[in-house]
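Shared chain: chain A. Partners: chain B in the first complex, chain C in the second.
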Partner chain A sequence: MTLTLQTQPPAYVLVEGLRESASVSTVRRAAPDGWAREELLLRKLGPKGWGRVYHFRNYYASGWGENGRVLSPKALDAFFRFVENANFPAGKSSPSVFLTDRGGIELCWEDRNGKSVQVEFSATGAEFYQAATDEEGMVTFNDLARLSQHLAA
Partner chain B sequence: MSLAPNEDVVRAVCTDKWDGERLSPSLFVGQDISLSRLAITSLADHWDLFRQFVQKPPERWLELIAEINVGQLQAIGAKQNPAVVLTVEPKPVDWNPAHAEIPQRISRGLANKILPELKIHRPAPTERE
Partner chain C sequence: MPGLLFAQIREKYPEQKTLPVAQLPEEIRRQDPTLVILPLMQFLGENFIVQLGPRVINLVTKPNMYPGWPAIEQELKWLLERIKASGFVGETERLGARYIDFFGGDVFSGLRLGLQINDKPIQGTQTDITTFLRKDALSIRLQVTNGAIVATKEGPKTGSVLDIDAWFGPLDVDLFGNGLARFAEAHYATKGLFFGLLKPELLSKLNPAYE
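The block that comes next holds the complex of A and B.
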């Protein structure tokens, strides 16, 4: 007797926006998960930063504020990867974390000279601003490590 | 008709944009930024209005009210390179007849020039319920 499996349609189909090319996923460093992420936030942003991220993830439902969007999982993932790579100046106060109306997460701190540095992670990439040079721009998720180095320079 | 340069406008600052130390630049980044006119509703009444309609406890509290003069806002836009013409348009809504908006898109760089010019109002220590 031969066992045959019937071909069935997949239980779900991943929408285009969530797909990632194989080459990108193999090159990019994996984001820390679970407890490692919690520990990372506590170490780099302190209890206040950790608490705010927890708050934004768990208590800001869709439509918060003036039609605010819920925190984007892609933005949060990029945020974690950036924080893991970032070196914030020692002796300064911990970076601040904000939730943006479009469902992004924003990180603000000061460089060694006390000038503001900001990165907002959204569902499509990261927008940055450096007060020292009055430079602003946008990078893709693949360039987060380079952005971290650029802002630390 | 756009607001006159001598008008003062305010913006609610809630927990998501203030962490007790820094103000979020995204408070002024983007298009159609909501403001409210002091010429129509007093600052004291704005505290009540924003508490009733903008803050959403327990996750989102009204922390501060940020004020700026329309002419001052326009001067900041004019100094930007390239210059940005900023206007404030009255946009009354059901819950707030003083509501107004900045229709132009404000970049992060420009928002960072606006932030230091804001006059920050804090609630009285006993006002947070």
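The block that comes next holds the complex of A and C.
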């Protein structure tokens, strides 16, 4: 079999000059690391969780409700880092995701015994509550991986 | 917001220009992830352009007038002070440096990068490569194409584009804290990748002048 490559029209066109800033803006695409994050959400939170985060990022980025603040980029990034390290118990329903009034994002799930676990990510860190031990606290962004291990234990 | 910034930078950027995307209704811009990050207006200075949008500020060099990193760094330092004084920036979502270089002809023959089918390099046909790299906290998007058209004052030119965009995410940067140092890191990573991709034959053709 012979594979023939057809000549195609140019895919990368800068209309008004290479460094004309307006043109440079038009060639921007979504961040390429976006794919890895989409895959992560689908794998760990399921289609429903993935869909909710998609909506939060794209439709609520400028604020929501009467007093809902703009979704914090730091909170969202912290959420992704936590989910990357988290192990949610198998056989339970997928974790739920919510926006918070103060511009954060909250993750809730059930542990192996059906007890509730909640983590709220904000612009300054993450607050957690574990119903099984009635433990609550706050961690910095540097401790997100440790928190996910702690809550999975 | 434009007024707050303009008041701080007007001495060096006296001219304003609205960009075409500003004509789109705000609701449409907000809901499209590719539009929401675009600048809506420009402030034109002698050597640079400052661009502003609801979620972005760019410092851009003028076409074919790359002044070198020391000059860019000096301007960035000045601009950061002015942005801080304007008082409208909250969290930093992304901080990056992007270099777009145009080459006449097919650049792939001069690069240590290419596409193969059945272990044979694809040559003489339009090829577009986009990949994503990580270097510690730095994210880098590398985009190369030999199917670019650029409209210049002398008319349209065909050739290749090597486009490197390097950035830090929200948890790794504080614009008014480590912002300048992060810009420098992004610049040097971009520079290293650029020169690492070029074969010596192509590099010698470009007649580089080293600082």
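Quick note on the criterion: the second predicted complex is superposed on the first by the 118 of 153 C-alpha atoms of A that agree within 3 Å, B and C clash if a C-alpha of one lies under 4 Å from a C-alpha of the other, contacts with A are read in each partner's own complex, and residues count from 1 in each chain.
The criterion applied here is as follows: contacts are C-beta pairs under 8 Å (C-beta built on N, C-alpha and C of every residue); 3 or more make two chains touch, one makes a residue touch a chain.
Computed from a predicted structure; not experimentally measured.
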Comparison of chain B and chain C by chain A residues contacted: C
First, second, both or neither for A:Y59, with chain B first and chain C second: both
Touching partner for A:R81 - first (chain B), second (chain C), both, neither: second
Contacts of A:Y129 with chain B and chain C, given as first, second, both or neither: first
Partner chain in contact with A:G91 - chain B first, chain C second, else both or neither: neither
Partner chain(s) touched by A:S72 [first = chain B, second = chain C, both, neither]: second
Contact residues common to both interfaces of chain A (with chain B and with chain C): 59
Residues of chain B that touch chain A when the two form their complex: 14, 16-17, 19-22, 24-26, 29-30, 34, 54, 56, 58-60, 107-109, 112
In the complex, chain A residues that touch chain B: 48, 52, 55-56, 59-60, 64-66, 68, 93, 96-102, 104, 106, 108, 116, 118, 120, 127-129, 131, 134, 136
Complex contact set, residues of chain A against chain C: 3, 5-22, 24-25, 27-33, 57-59, 61-62, 72-74, 76-78, 81, 123, 141
In the complex, chain C residues that touch chain A: 19-21, 30-31, 33-34, 36-39, 42, 49, 51, 58, 60-65, 91-94, 98, 100, 102, 117, 122, 125-126, 128, 130-132, 139, 141, 143, 145, 147-153, 158, 161, 163, 169-171
